[in-house]
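The structures come next, written out as structure tokens.
Below are two complexes that have chain A in common, paired first with chain B and then with chain C.
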Partner chain A sequence: MKLAGHLFLAAVMLFLIGPFVIICFAGLSAGESLAFPPEGLSLRWVIRVFEIESFRSSFALSLALGIGATLFALILGIPAAYALARYDVPGGEAIRNVLTAPIIVPGIIVGLALLRHLVIPSGLGVRLALFLAHSALLIPYAVRVVSASLENLRPDIEEAAILLGTSRIGAFLRVTLPNIRNGIMAAFIIGFITSFNEVPASLFLTGPGVATLPVDMLLYMEFNFDPSIAALSGLLALMSLTVVLVAERLLGLSHYV
Partner chain B sequence: MSEPFLKLDDLTLAYGDSIAVDRLNFEMREGELVALLGPSGCGKTTTMRSIAGLMKARSGRILLDGRDITRVPANKRGIGLVFQSYALFPHLSVRENVAFGLRIAGTPADERDRRVASALSAVGLESFADRAPAALSGGQQQRVALARSIVMEPRLLLLDEPLSNLDARLRLGMRTELARLQRELGIAMLYVTHDQVEALALADRVIVMQGGAIEQIGTPEDIYERPASPFVAKFIGFENTFETEGDMLKGSAGPVPTGFAVPAGTRGLAWRPKSVPLGTGPHEGRIIGASYQGESVEYLLESPLGEVKAERPAAEPRHAPGTEVQFDLPLSGAVVLPNA
Partner chain C sequence: MTDTRRAGLMLIAPATLFILVGFLLPVGVLLSGAFRTDAGWSLGNFVEFFTTPLYLDVFFRTFRLGLTVTAVAAVLGYITAIAITETSPSWRGRLVALLVLPLMISPVARTYAWLVILGRTGFLNTALQTVGLTDEPLRILFTETAVFIGLIQLFFPLMVLPLLSSLENLPRDVIPAGRVLGASWFAIFWRVILPLTREGLVVGGTLTFVGSLTAYVTPAILGGSKVLMLETLLYQRVSVANDYASAGVIAVILIAMSIATNFLLKRIATTRRAAR
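The block that comes next holds the complex of A and B.
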């Protein structure tokens, strides 16, 4: 019985980690086409990734988008989380539900709707559309994660700060903000990774020479079948893993998710 | 006597449409220690919050040292408040918690250090200055909260249920400490409590509140020995409190003769459980509960008056639950509640 349990656990772990291992090895191939097991080991495709111009520009776009949209989502989300946590907002429950809707609605629908009803009629630039779409998709994460850390904080410490002479804003900046700083950092990391890995909505929001990195990778694969795509996937997975591990070490990310 | 130090003048407080405190009036002298006593929901905490400026007054005025502070924002009133939860800043050390207000005020560093050190030594926490609040016990956290307030040298210090989160041994220590600080610093202190023992033991004067209004103001002796209303009598431990009409007590099942001539101008009569003899007297009841307390036995009786509590010395003959027993509510053991 116990052995069966262990076998089952091992199978699940293999299923979860297997693809990642396969991709990493495929990316280290010395051969010409994407295959597993690889035909010999080399770093040539890892180096090749950095030479492909479209990857460089889409990486830059995804990086800027991830940082920009997450910051914007936090700028809107922190006050929203604060208001929902501290005040008896009329219709607060409804607002909370609307704010979590983007997590429930499939991204492909969000992307199509944005393209059909916002980008095309308004002639909005693709970059701006991406920025707005990603911000909207990230607000729920910002609100939820910041709410979680606000709920762990007694509201009366702000009153205590006010009675010691500071203003309302001062109390928020001097007392509340330092205590939810870890929550905000956690929200930033979760938001950034979500944005960076987002495909369905971004798929519709492409233009000449403008695509996010995951979308660009899909486009690349339609015409090329070399191991560079696997090498890039491995690099991205390592990047995400590093960020999450560092965050877990420094902030205890798992408390907030 | 000079102007009162703190004066509430027809203060009315409300949450939306519900009035929490209705035209409250009281005064406090400089350096006085006053307790606001009442059950939860009586408006005592609301009153304290409005004195601190954390709640807006619907109408009426708050005067501090002759100055109308009703519209002065909380951060400009110079009133200290020790929260029931202590409300320490979790990201700052004990020393930085205490220094917080002085930093806001821009006090020079050397003076700040000196005042923080003296506040910490006043509460006996010098050696804990570099700890985080979370690493302290409840009693120590409360002393930090106290130091954080007194370092600002407030003229008035408000305390919300200062002893309620402490265990019995710490309570006694804290009570002594508060009284000592109050004597040494001469700060007027107003504290809110629902515990009559706490109010009586610490305060110069006690204000009993109920339903958003004051029931009685007096010294602890006044309150304990001469309650002014049936509510105060009940709240302070006269568990057998009945309103009167002529020579009749108003029982839950109709009027019951007292068996003596009730003095004129009486509104009600109140007896502590200790003043109710069993086995003799004009009233009859059935024992529905008996609980042995060591020195004494506490009985709960069901009678035409309603429930009656009696406490008899353990040496007296016992009464088993379910038995019928006579009892007395003698005038000699009663407190007379006068007409308002």
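The block that comes next holds the complex of A and C.
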């Protein structure tokens, strides 16, 4: 029974993790076309990834978008989470539903709605539309993770700071904020990864030369069957692995997921 | 209105207004468009959609794949979660980390790997032919099987993790007690484990089901235009034909499914709290 269980677990983990190993090796191929086992090992396709201009610009866009949209979602989300946790806000439950609504709407509908009813009528730039869409999608995560940290923090230490003569804002900045710092960092990392990997909402919000990295990869693989996407996928997997390992070491990210 | 209530509203207003105006308004306008034709308000778009054989195919395929992925993930998920609870705590931590890790990696990268494995000259076909199991390469890519495999791999962790956490809350002695009383493994699972872990199953099941219904990347890469699902059909209708009527109908179907399952989740979560 025990042995069967272990063998089953090994098979499951092979199914989940095996494809990443395969794609890393396929990306290290020395050959012309995508294959596993690869025809010899080399770094030529890894180097090629950095030479493809559209990957460079879409990577830069995804990076800026991930950081910008996550920061904006936190700037809007932290005060909202704070108000929900500490004040008796009229209609609090309804507001909470509005704030978490973006998680329920499938991404592709968000992209199409913003394209048709915001970008086209108002002549808004595609980059700004991407920023709005990603920010809206990330606000629920920001509110949820920050709310969880606030619930674990006793409100009376703030009251104590106020009794000792600080203003409410001073108490928030000097007492509350440092105590929920780990939660905010966790929300930032989760938000960044979500934005960076997001496809459906960004799909319609592309323009000439403007696409996020995953959308650009989808466009590229329609016409090319060389190992460069495999090499790029391997690099992205390594990047996620590094971010998650560092975050786990520093904050214990798994408590927040 | 007291000062604290006003302060609370001031803090919460920016985020709420942003989502209302920048998000819910455009989505609402898009959805309402599905109920309009040139003749004004009508259900004409829905009649049109549900009488077109191709669209009906896609509709049923999406639900069929969603249900089979969820059912298979649930069965394999229980076996996996039970096997994990029987390992030592340090191994449990490592296995959970291996389950969480794929969730952090780009779905495009995760799905692309299957292209390398399942393609005509891919790893699987090469291996099968080398061993001599088949003479001709199997056609797996661009079939429902390929999409099924991709979706299972994508959503399996989301099924196992909630199952695992409800199994860990199971009272320690229930399984040995059942064994002592002479119950078979099947009876223990069916009459003890399943009722006590129903919550985890519901959470994992809805995440997997809604996730599969609204998946874009997996059917786009592994199914192509041969195995369309609702999201890939929506994208195709808009980008190829500017057909916003069908797109609106698909949007209404997807969002209705998503809201219904999330509502169900919330109901189950609140009845649990009431029962305590």
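In the analysis below, the second predicted complex is superposed on the first by the 257 of 257 C-alpha atoms of A that agree within 3 Å, B and C clash if a C-alpha of one lies under 4 Å from a C-alpha of the other, contacts with A are read in each partner's own complex, and residues count from 1 in each chain.
Keep in mind that, in the parts below, a residue touches a chain if its C-beta (ideal position, glycine included) is under 8 Å from a C-beta of that chain, and two chains touch if they have at least 3 such contacts.
What you see is a predicted model; the values in this text were computed from it and never measured.
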item: Partner chain(s) touched by A:Arg154 [first = chain B, second = chain C, both, neither]; value: first
item: First, second, both or neither for A:Leu173, with chain B first and chain C second; value: neither
item: Per-residue touch tally on chain A - higher for chain B or for chain C; value: C
item: Chain B versus chain C as contact partner of A:Ile104, first or second or both or neither; value: second
item: Partner chain in contact with A:His6 - chain B first, chain C second, else both or neither; value: second
item: Touched partner set for A:Phe36, first chain B, second chain C, both or neither; value: second
item: Partner chain in contact with A:Leu163 - chain B first, chain C second, else both or neither; value: first
item: Chain C residues within the chain A interface of the complex; value: 4-5, 7-9, 11-12, 14-16, 18-20, 22-27, 29-30, 76, 79-80, 82-84, 86-87, 95-110, 112-117, 119, 121-123, 126, 153, 156-157, 214, 216-217, 220-221, 231, 234-235, 238, 244, 247, 251, 254-255, 258-259, 262
item: Residues on chain A engaged by chain B in the complex (per definition of touch); value: 153-154, 156-157, 159-167, 170, 174-175, 178-179
item: For the chain A and chain C complex, residues of the former touching the latter; value: 2, 5-6, 8-9, 12-13, 15-17, 19-20, 22-23, 26, 34-37, 76-77, 79-80, 82-84, 86-90, 95, 98-99, 101-102, 104-110, 112-114, 116-118, 132, 135-136, 139, 143, 168, 193, 196-197, 199-200, 203-204, 214, 217-218, 221, 229-230, 232-234, 236-237, 240-241, 243-244, 248, 254, 257
item: In the complex, chain B residues that touch chain A; value: 52-54, 74-77, 79-81, 83, 85, 87-91, 100-101, 104-105, 145, 148, 152
